[in-house]
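When the chains are written out, they are named A, B, C, D, E and F in that same order, and each has its own residue count from 1.
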Amino acid sequence: MEIDSGNTAWILTSAALVLLMTPGLAFFYGGMSRAKSVLNMMMMSFVSMSIVSMVWVLWGYSVAFGSEGGVPAFFGGLDVWGLVGLEATGEGYPDLAFVAFQATFAIITVALISGAIADRTKFMTWCVFVPIWITLVYLPIAHWVWFSEGWIFKLGALDFAGGTVVHINAGCAALALALVLGKRKGWPKEPMRPHNLPFVLLGAGLLWFGWFGFNAGSALAANETASLAFVNTIVATGAAGFTWIMVEKLRDGAATTLGIASGIVAGLVAITPAAATMTPLGALVLGLVAGAVCAVAVGLKYKLGYDDSLDVVGVHLVGGIIGALAIGVWGSAALGADSLLSDGSATLLGKQAMAVGATMAYSFVVTFILGKVLDLTMGFRVDEEAEVTGIDIVEHAESAYDLNTSSTSGLGGSTAAPIAGDIKKVEADA
Amino acid sequence: MKLITAIIKPFKLDDVKAALETFGVKGMTVSEASGFGRQKGHTEVYRGAEYKVDVVPKIRLEILVEDEDAEEVIDVVVKAAQTGKIGDGKVWSTPVETVVRVRTGETGAEAL
Amino acid sequence: MEIDSGNTAWILTSAALVLLMTPGLAFFYGGMSRAKSVLNMMMMSFVSMSIVSMVWVLWGYSVAFGSEGGVPAFFGGLDVWGLVGLEATGEGYPDLAFVAFQATFAIITVALISGAIADRTKFMTWCVFVPIWITLVYLPIAHWVWFSEGWIFKLGALDFAGGTVVHINAGCAALALALVLGKRKGWPKEPMRPHNLPFVLLGAGLLWFGWFGFNAGSALAANETASLAFVNTIVATGAAGFTWIMVEKLRDGAATTLGIASGIVAGLVAITPAAATMTPLGALVLGLVAGAVCAVAVGLKYKLGYDDSLDVVGVHLVGGIIGALAIGVWGSAALGADSLLSDGSATLLGKQAMAVGATMAYSFVVTFILGKVLDLTMGFRVDEEAEVTGIDIVEHAESAYDLNTSSTSGLGGSTAAPIAGDIKKVEADA
Amino acid sequence: MEIDSGNTAWILTSAALVLLMTPGLAFFYGGMSRAKSVLNMMMMSFVSMSIVSMVWVLWGYSVAFGSEGGVPAFFGGLDVWGLVGLEATGEGYPDLAFVAFQATFAIITVALISGAIADRTKFMTWCVFVPIWITLVYLPIAHWVWFSEGWIFKLGALDFAGGTVVHINAGCAALALALVLGKRKGWPKEPMRPHNLPFVLLGAGLLWFGWFGFNAGSALAANETASLAFVNTIVATGAAGFTWIMVEKLRDGAATTLGIASGIVAGLVAITPAAATMTPLGALVLGLVAGAVCAVAVGLKYKLGYDDSLDVVGVHLVGGIIGALAIGVWGSAALGADSLLSDGSATLLGKQAMAVGATMAYSFVVTFILGKVLDLTMGFRVDEEAEVTGIDIVEHAESAYDLNTSSTSGLGGSTAAPIAGDIKKVEADA
Amino acid sequence: MKLITAIIKPFKLDDVKAALETFGVKGMTVSEASGFGRQKGHTEVYRGAEYKVDVVPKIRLEILVEDEDAEEVIDVVVKAAQTGKIGDGKVWSTPVETVVRVRTGETGAEAL
Amino acid sequence: MKLITAIIKPFKLDDVKAALETFGVKGMTVSEASGFGRQKGHTEVYRGAEYKVDVVPKIRLEILVEDEDAEEVIDVVVKAAQTGKIGDGKVWSTPVETVVRVRTGETGAEAL
């Protein structure tokens, strides 16, 4: 097939959109952090962009999508490492467009995990975790689900834009790391409320915007499928935002901005696997369900006692499962989902459940072991004093804000001179 | 009447507040402050230039008490705020001549 | 006509851009609010995204663009409710791409209104207002102007991208609600200055960015028309930002960021209807005029005594009228606008005026009645104590910022433990 | 060639992306400023958008790309001033799409300069500087490098997306203005730390996002070249962000958010000229080099004693030079760069050096003279009292934040009534 | 010399300031504070978890006055700040030994 | 024991701090304040409406000193904070009855 400029334009646009999701996520998570740990939170997202972009070019794409040298059902080989010798797939768009698009998925997936371990993560350990996790967890799962020889692909489970690969995977990994690192000092007794809710909304807005690339871009063409995925990404998201705040209004007496932002993300997560296999009405229902269920699910951590700080489990894992299973329940047969309601058969639902289960098990186990190993070797968590003082100052030698307008006032400000060169980090003293 | 002023470490506020409530203090006024003293600040780095931040965030408490309670209240605060590390802060008392509760105009011990 | 992937890519990209305008608007408005009511302001935008997306899929698209079952000159029927049975229009792009693109217009229109009623709106009443207003006011006007059988369309008035449907409409509705809700306590004596001007600039930047989708996307093709609209959307906007701050410099002695942000929006509004019927030079002049006139127009409210809090009237209504009439005065005949200056005839100008007048009258009257009914039944305004305390805490049980970096300090912070379950809203006490 | 809708869609999308870079830059720079001068910093970017958009339509495009009436090797004429009489170039996209795309480049280039003169620039003088600088410096250099008859174009130096025209040019002009305006009061003794690091990250995120338009859009088609440029814009950027923070970690003991944000921009700058003439592996290496070198280069100002406040020289000039020369060293012959390593010849490297040198010399000299003239006539710098008080209040009669939530508290707030009309600027008193 | 310190509700600042000006007070120093006392705070909700914010924002005024004005100034503040609802605040006075105007070095009543 | 309170211009904080250190003062507590007085505020403009901001940002210092040092410390502060322009601020001293160092429980001069 010749290269189609329209499809290529759409894939490149989508890749840019998905790349923007990670800064968006940095604001979504950063805004929810406390003022003393916002930079650490945002850095985990930004450094994921840095590290994964290199991994992807060096060996990531090859292991996920390379067709030779690996074990076809489970992972690819190193035949196109460094993107050397990439050959045209003949899909109507340049291979490198697909490489770019997929790179942005890998980036956001690992960044999503960081929300579970807010306020307490050693930055250098995170920097080591990222490339290993991508290699051991993300690349194989992406291969299973999206590569034409991958076992889940062949099984026939449907995941249009990454519900299993991205969200269920990240959600399970997040749970694993939350358990490895343990609860924050003071959690859940001490209130840890969002320091900047407009930032949370900024993040939600950018995520929604970028997600059009994620979902509609996954059609890899500017066509009917992309348009359907686009409409579904509007309506499921809107619906989930709405039910989340309605649950809040009924339960807590007030509809919150954190609630609508969270509901928006829950809707986006849920529609991800289903974006092209549901009618808009089906997507609307999916959004309504996902918003309500996730609004309740984020309370689980208080019951079960794990400190998934910013609710990666409650939103991405739960939302991802809802979306994956919903395809099997009310997906549209006309769109290729022979679901319970449209086809009367539970076969697809079973396959969906199997894909979900396998992803969950693999992601959780491997991440937990990796996390433990890193914790025992490098240490994955800062010491208590750093946690109390604030991880930004201790790990990054910075504080997020200095809003004092008095020129050289020492309030929240610094008073000594800058010393270029000969610089050493000084430990802060609470 | 005495005014007890205390400079404490921010993360000790909850403990101090709890201790005062247990003692029977019904109100207080709190504000943010920055301290200079023996305790050192921290260092921040911006594009390779290092800045010494020598102020340390503190909390400032003001508690109006009757004369006879002053000593004990000081004691309660000192105990609750103590970590034993440099920078724990100071507590001092000053004489107060009149106190009025704005809502009612009551004065003296009634106003607390 | 076969589906053209390039045009489809452009429409989908444009739809994503226009969707981003609403979060952009949330920041534009939110930054202008006071720190105690920023969340309420932003929520009104975000919940519009939620609600209108559902309305659009359920019946909105059908009533605005459905060709059967309605009254062709005034509104469509319910023939494609739920987007079921949508048929290809054969325009060279998938119908669902058009559905998505139009959905984002409906969303932003109702969100625009919220700027007039800052700091005092009951959130639940707003949630009821939105779907009714979309149904009674937006859908019919969109049908009049853009549907091929709509009476304004047939009249021959020109509105390329929504000057009447979106801006004049929103501006009039805003005035109506400002009158229904009344002045804020303390207005205009008490200063109510923007709490976060960088957010206002962020909003203006995102609006400009998104507006390329709004205007150039309205060509529904990636072609010469889209390119012209794009250039005009650069130059009119830039020019309006410039004259606004020059008016300020001359009148007040200082060019402000609020001024340039407002001027940018005024320019975007004015060029909206005219984006494809003016040469770039004509657009430049239009921007110069719109920036200067709107800079003066925002002062009207002090003279006339209505509390249009964030100047929806002065910017969107006035800017929209300028743009609509300018087409009739110096639109380009070569581009289809037989205007006074290029054609010597006032016919088009008359039609433009008629379209403007009809939209204004309809929008104002229906919105005013709807607002009054809601005010009398549910109440549209919070009580005075909530207004003084801050609507964020009272209506949403949240405050926007907690910038304190001391771990558990109670300053601007919270000190008690989170209580999961068994939760009730507690009224704040000033 | 007929107009290709896919390529047109991509160019328009890219133009929108590049336009967003300037607001992004406003946040990147604004976040680094102090709280008392953030608005002035952001205004310099926003007013550049206003002014350059008008200049571009009126005479800018004509002087840069007009084919008649000028001196072909050096600058174009006024044959298409006002974009009147623009003729189809027959390149497969509408001319106006190219006009729009190029307008956004001119805007960001001048805005970049403002980072060198933070906290002390008279706003009105900046407003005069912008159009003159664009005319005298930017338009000629753009013509040399990108117009088919321009002398650098004919020389055969390679600059894919604007390394010389935009970054080296802006970097040199920044140095010139930093020298003209002189050091800030208290620099370098007094600490002038970023007031809002999340804003810096927001800026970096938006810049990266927009830069896909800048680099991949410069292919002027949605094709293989664009896809290669896109992948390179991911990987070089990621790599540079990473090495910058690794330098910091080794040298200073902590990886900072300002560091990763700066590294991201350094990587983007370096890959700009080389985006289509390097393999992804070559781009990865370029990113690693650029990040590390720029991380060190930003310390130069302390040694040499010029107050390039936000490091335009260290990032854009140094990064731009690295990118331009790297093409000559390890560019890919298969992609048209007969570099030292791939071709064994230093010819291309010599041409690259000549292009860099000519741009530097011209930009520095003309900007310095222009700056001096403006300084002597209008004054380019505010007085010391304004600098101490804060330039936002003095130049713009605004302050960036009012985060106080108490209704009419006078703290950081204002207490008197708004006075419409009869308004004069009052000087602030420190 | 006396120092009158007042803790008031933020939205009453303008009224108090106006009343003091009318009375003839020429200056004062204001700062933000947080109060604990009989007045209850409010509740915030984050993802279904409820937080009790028990501090209430207050404004703290410091007014240096001559001995003979102290009583009246207290009165003026109390009247202007009163709403009659819980949380109106407190006003108290303490003795001051020296006051200096930094600009001129003047002391005592001259310094005000 | 005396408590010296000083209201100064923010940009003078560094100078005052340095002067106090030179004199031998080992610690102090600083907070942000807003001043009203002879010094005028500035004007801000929003959409053509002008707002008079009549508060002026100030820094508030509290320094506990021994009785015999009080006068000299006042002097040091006044000198270091003086610009000679309106709004330089005030310095005053009040009697203190007890001072305790939280860390050790030491009182009196030992506590400083």
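Annotations
Just so it is clear, contacts are C-beta pairs under 8 Å (C-beta built on N, C-alpha and C of every residue); 3 or more make two chains touch, one makes a residue touch a chain.
Keep in mind the model is a prediction, meaning the values are calculated, not measured.
Steps from chain B to chain D, minimised over paths through touching chains, total 1.
Interface comparison, C-F versus D-F: the pair with the greater number of contacting C-beta pairs is D-F. If you average the Cα atoms of chain B and of chain E, the two centres end up 18 Å apart.
Chain geometry summary: the mean Cα position of chain C and that of chain E are 44 Å apart.
Averaged Cα coordinates give chain D a centre that lies 50 Å from the centre of chain E. Across the assembly, chain B contributes 11, 17, 30-32, 34, 36, 44-46, 48-51, 55, 57, 85-87, 94-95 as residues in contact with two or more other chains. Looking at chain D, residues 4-7, 9-10, 13, 188, 191, 193-194, 196, 202, 251-254, 256, 258, 299, 302, 388, 397-399, 401, 403-408, 410-411, 413-418, 420-421, 423, 425 sit in touch with two or more other chains.
On the side of chain D, the complex with chain C involves touching residues 3-10, 12-13, 15-16, 19-20, 22-24, 26-27, 30, 38-39, 42-43, 46-47, 49-54, 56-58, 82-84, 93-97, 99-100, 103-104, 123-124, 196, 199, 202, 395-408, 413-418, 420-421, 423-425.
Residue ranges on chain D touching chain F, taken from their complex, read 388-389, 393, 397-399, 410-421, 423, 425-430. Residues of chain F touching chain E in their complex: 2, 6-8, 31-38, 55, 58, 60, 70-71, 74, 77-78, 81-95. Across the complex, chain A is touched by residues 9, 11, 34, 36, 39-46, 48-57, 85-87 of chain B.
Put simply, chain A touches chain E in their complex at residues 188, 191, 193-194, 248, 251-254, 256, 258-259, 262, 295-296, 298-299, 302, 311.
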